[in-house]
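What follows is a set of structures for review.
The same chain A turns up in both complexes below, where it pairs with chain B and then with chain C.
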Partner chain A sequence: MNTKRDKRPRRPRKSVVDRFFARGHSWLTRADSQDVVISSRVRLARNLATHPFPERCTPEKRKEIWDTLRTVVLGLPELEKAISVEMTALTELDKLFLLERHLISRDFMETGEGAGLVALHDGRVSIMVNEEDHVRLQVVLPGLELTSAWEAASRLDDGIDAAVGYAFSSRLGYLTACPSNVGTGMRTSVMVHLPGLVLSQEMEPIVRGLTKIGLTVRGLRGEGSEAAGNIFQISNQVTLGEGEGEIASNLSQIVQEVVEHEVNARMRLWQKNPVILQDHILRAYGVLSHARLLTTKEALDFLSSLRLGVILGILDGVGINDLRKLMEECQPAHLQKAVGRRLSSRERDFERARLVREVLRPEEEAGGATPREVE
Partner chain B sequence: MNTKRDKRPRRPRKSVVDRFFARGHSWLTRADSQDVVISSRVRLARNLATHPFPERCTPEKRKEIWDTLRTVVLGLPELEKAISVEMTALTELDKLFLLERHLISRDFMETGEGAGLVALHDGRVSIMVNEEDHVRLQVVLPGLELTSAWEAASRLDDGIDAAVGYAFSSRLGYLTACPSNVGTGMRTSVMVHLPGLVLSQEMEPIVRGLTKIGLTVRGLRGEGSEAAGNIFQISNQVTLGEGEGEIASNLSQIVQEVVEHEVNARMRLWQKNPVILQDHILRAYGVLSHARLLTTKEALDFLSSLRLGVILGILDGVGINDLRKLMEECQPAHLQKAVGRRLSSRERDFERARLVREVLRPEEEAGGATPREVE
Partner chain C sequence: MLCDRCHKNQATVHLHQVEGGKVKKLHLCEGCCGELGLDLESPVSVADVMLGMGISTTQERKGGRRLKCEWCGLTASAFKKTGRVGCPRCYQTFEKEVLQLVRALHRHDRHVGKVPRRGRSGPPCRASLRDLREALRKAVAEERYEEAARLRDLINEHEKGQASTTTA
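Our next item is the complex of A and B:
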């Protein structure tokens, strides 16, 4: 399926253990945010001064807002190649797919006429029109790039504001449907991979510390979700009394500290007994490369261990990006879109396991060939 | 390590799934006891008419009994190549090793002077002298062979009786230290592998039924032990009022029924959804072939699944006997004997995982080569 992956030249194979000990362990010497931070996200909530909040609008008014904003947004130079689609035109499966891509919210799935999405194909920029607010503008960048994400969002924001005029109070800032967003209307968040802190049971004090300074820590799927795959979202809660640039750079600094904690935890685990980490990662590989049924949670958890294995140099040949892509493709709607039809839960587990094996052991799946270690 | 295994000619490799579906599933058409019954055991408890029970003897008297019985037993034609050893001459590790081989009892490990073992190297015949009784004679045969085991035990028993004269009452039968053994002094048992009944949660009614007709069902390590690897011992409890041959043949018949239940359970699991069974077995293979640490319980459980996989034709190239041997070698004292020194629990888990990988993926362990499916 990923032909780029298959074209990689074959190197002479070494035992996993040999490779494990031969590595220089460069990760021990630096706290690289790229090993820990998956993505950075900035979201702005905005409303037109000329219309009531979406919930107070008639369907006709909402349609009017959608038409106006759609035209304005697609007219921005950065978004001229964006797709735009109304929610009512989408199937349930399509909506779930967009939800799994983090392009729409769960609430947005239920909205009626006049609610629509404008987004770039790569998902870096997306705008929900008539969710809770008229405009929900989101910029997502890989790695720890909150300031760049803020700058990109700010540029787009200025473009829309210039065309439509936002509801703004000199005392309160941007006006939003929910008081928790009033002010900057901004939420910044990063998605971080913290297997070291989870394995060494150090997450609790970290979460407590982050909460104390006004941040929220959640699982992959947002509020109330479990942290499948040891992936967490850290986001700001405070929108009043802080400048937007300040919010982004503050969160960046704090995340950099979390990165250092995570890297230290990995290092301590490694130094205490590398075989425990090695066992953890290779078992995950063993299950992923052999299971015939995998739940989403299992797949994410084990792939998360593989991600750590790649960073530690225990697993080779499969890249961080392959794994990130696989974690996305493993999700229910992604699987069903790929197969082209609705699948039962059991069928999804089967397809998920097949997909994972296809990526981890393409030769075995082709039939006849020898399965191989991730090389 | 097992050179025979390595000399097997290489066949062109097929995907595990291909092999899985290509098979004729001969196991579906017959209830073969060899697929379920691992071994059959007959044990006789006997005492000399001339001496008090071991517990009532002085060390000198026990020594005298040991010397007498040792000479008599080694004089029997079947046992002229047997080894004989006094318990006091053995290290703790040696005793644990013999316990894991089912050649001595846990109580026997604690005995003092005059307690000894005579046994054939292959473990088919073993005699504990001065355990609870003067003579504990055991014959173990692979598969469902209770009658043959009984006949072999009976011949040896006659030979010893002729030389030393057993304590026997025409009213009660053979006299034994514990009243539960008085009469035939015989215990018959079979070791059975019941993954089908365990996976389909049908063990409970089977155990209840067997208990009702006077049989005992226990885990691998005897009384109070958990059934690691889905391996159970079924044995008779009643020793009075039944002939010895009758006990053996009754148990045989009942075990044959258990075999049919097990094979039916496997068949139902298979027909209901083969992928569940396949997933169960291949995950076990995935973990065993990759883990760097394995507890005894884990190893036995997963190897038990592999055994089922071989019988179902899902796994190939590793034989039932390789697995039986591996299950034995995975045990703590066996591992330590192989390494030649005492090992901590963590060290044993490491050695156990290494040993299992060595058998399942010899090429990977040799370093540099491609790991392969069990082929």
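Our next item is the complex of A and C:
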């Protein structure tokens, strides 16, 4: 957790607003630095051959499984330095924080005894024990790196299997609590930022197309969540009848096409209606740099616009990484962790707005322009 | 509109399922929904629909057999309700229903991906044996005899394991 906000590098003091149109279309030629793809994730669902699936286990059995798997996983050379924690030992706020970090699922927050998490500090590898399945192994890498993520996950997977022995059938592959995961037990997903497609209202046909070929498109927080900040997760649905490498490379190819669509959409927006695009981005800047109350969705949506502005060269003075970090830090549990106590919804909105202003206009916030408290 | 299942009562529940880009429609009366175990208060899943229909045909054919997994105790109706099984053995107990659901979900019914390198436990599997034999053939052809000997031992071990599980 970053508590040393004062060590944040100071941004140049010139107003961000003055710098639009400064650059041409340089971003168009750098297809790899479009920052469309945020991260790639591979998740494997596995179960021990020796026990019923978690839902049909007694708490004692689950505890036993957790102890075994915890020892095995922490014994893997890659995970020597991982943290391990049982869910019952955590506060609601801690769990929410882990959820926001994509290290656990919403269902996992509700689980009882014997459910635990082993994860690396940087979040690249995390293993949920006794979620729907005994093992939910996840590897997340920045950018479009599905194949590497699969390879890394598979190595860890071998290590665990060698020690415990997974439930596997030659016909149906890895056996899982839900038949929707049977086979490879693998869900690959890519997190993408698609403001161009959303702005030009092209998202719907894309989602329809992706659904048609067996892929799922979800919001930031996975299953059932709405798309805040124009961030989407594209993932495979089918886990049987295709090899893992094939699943990973298929999804990569499709994501590359989506990236191309996104880049084209941005280009069209820029060429056809630069003023509308400017207006959209600078309005977002206006709200973010002055608002006193911001909801999570509002903050994420406007930050998404700023991100687009920075990529297009319309905005200057704030870095992509600052924005990426803000998008994470402005979420409810992150905010409360930073402040060090529970906050009401209104207090969170206030803190969020303050945090965002601090990053976007550090001088104003540090100097005399502090707001008079009105409550 | 009459119920698709009993063809007697008025259909009041209309389910739409998208499969392969086509929308399948299913119209049911409340009575049939109850019998199929569809909980109208909760969102209906594909599993509910597919299994509900599947199990109804099983019941018609076999006079309503009552299935229960011997290992974990999961009943057919509990499986039907959640679409989830309770243990690895449920895949055998409810094989027919599971395969029906699996085909509906994946449009495949055979795994072609990774096969675990067997650790100390778990039943040996045919696919890995096939892989081992293939590797052995390759090793012999390429005159890597040390590797071939190792593979031969592994295959023997697996075959022994398989024999003991089939007699058990």
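The rule is simple: the second predicted complex is superposed on the first by the 340 of 375 C-alpha atoms of A that agree within 3 Å, B and C clash if a C-alpha of one lies under 4 Å from a C-alpha of the other, contacts with A are read in each partner's own complex, and residues count from 1 in each chain.
In the analysis below, a residue touches a chain if its C-beta (ideal position, glycine included) is under 8 Å from a C-beta of that chain, and two chains touch if they have at least 3 such contacts.
As the structure is a computational prediction, the values presented were derived from the model and not from experiment.
Engineer: Go through the superposed model and pick first if A:G183 touches only chain B, second if only chain C, both, or neither.
Structural biologist: Only chain C is touched by A:G183; chain B is not.
Engineer: I'd like to know which partner A:P52 touches here: chain B for first, chain C for second, both or neither.
Structural biologist: second
Engineer: Touch check for A:L172: first (chain B), second (chain C), both, or neither?
Structural biologist: second
Engineer: Output check: A:A353 vs chain B and chain C. Expected answer is one of first, second, both, neither. What do you get?
Structural biologist: After superposition on chain A, A:A353 lies in contact with chain B alone.
Engineer: By residue count, is chain A touched more by chain B or by chain C?
Structural biologist: Chain A has more residues touched by C than by the other partner.
Engineer: For A:D279, decide between first (touching chain B), second (touching chain C), both and neither.
Structural biologist: The answer is first: A:D279 touches chain B but not chain C.
Engineer: Please name which positions on chain B make contact with chain A in the complex.
Structural biologist: Residues in contact with chain A: 12-18, 273, 275-276, 278-279, 282-283, 285-293, 346, 350, 353, 364-373.
Engineer: Across the complex, what residues on chain A touch chain C?
Structural biologist: Contacts found on chain A: 47, 49-53, 55-56, 132, 154, 157-158, 161-175, 177-180, 182-184, 186, 211-212, 237-244, 247.
Engineer: If you look only at chain C, which of its residues touch chain A in the complex?
Structural biologist: 18, 21, 47, 71-74, 83-88, 91, 98, 101-102, 105-123, 125-128
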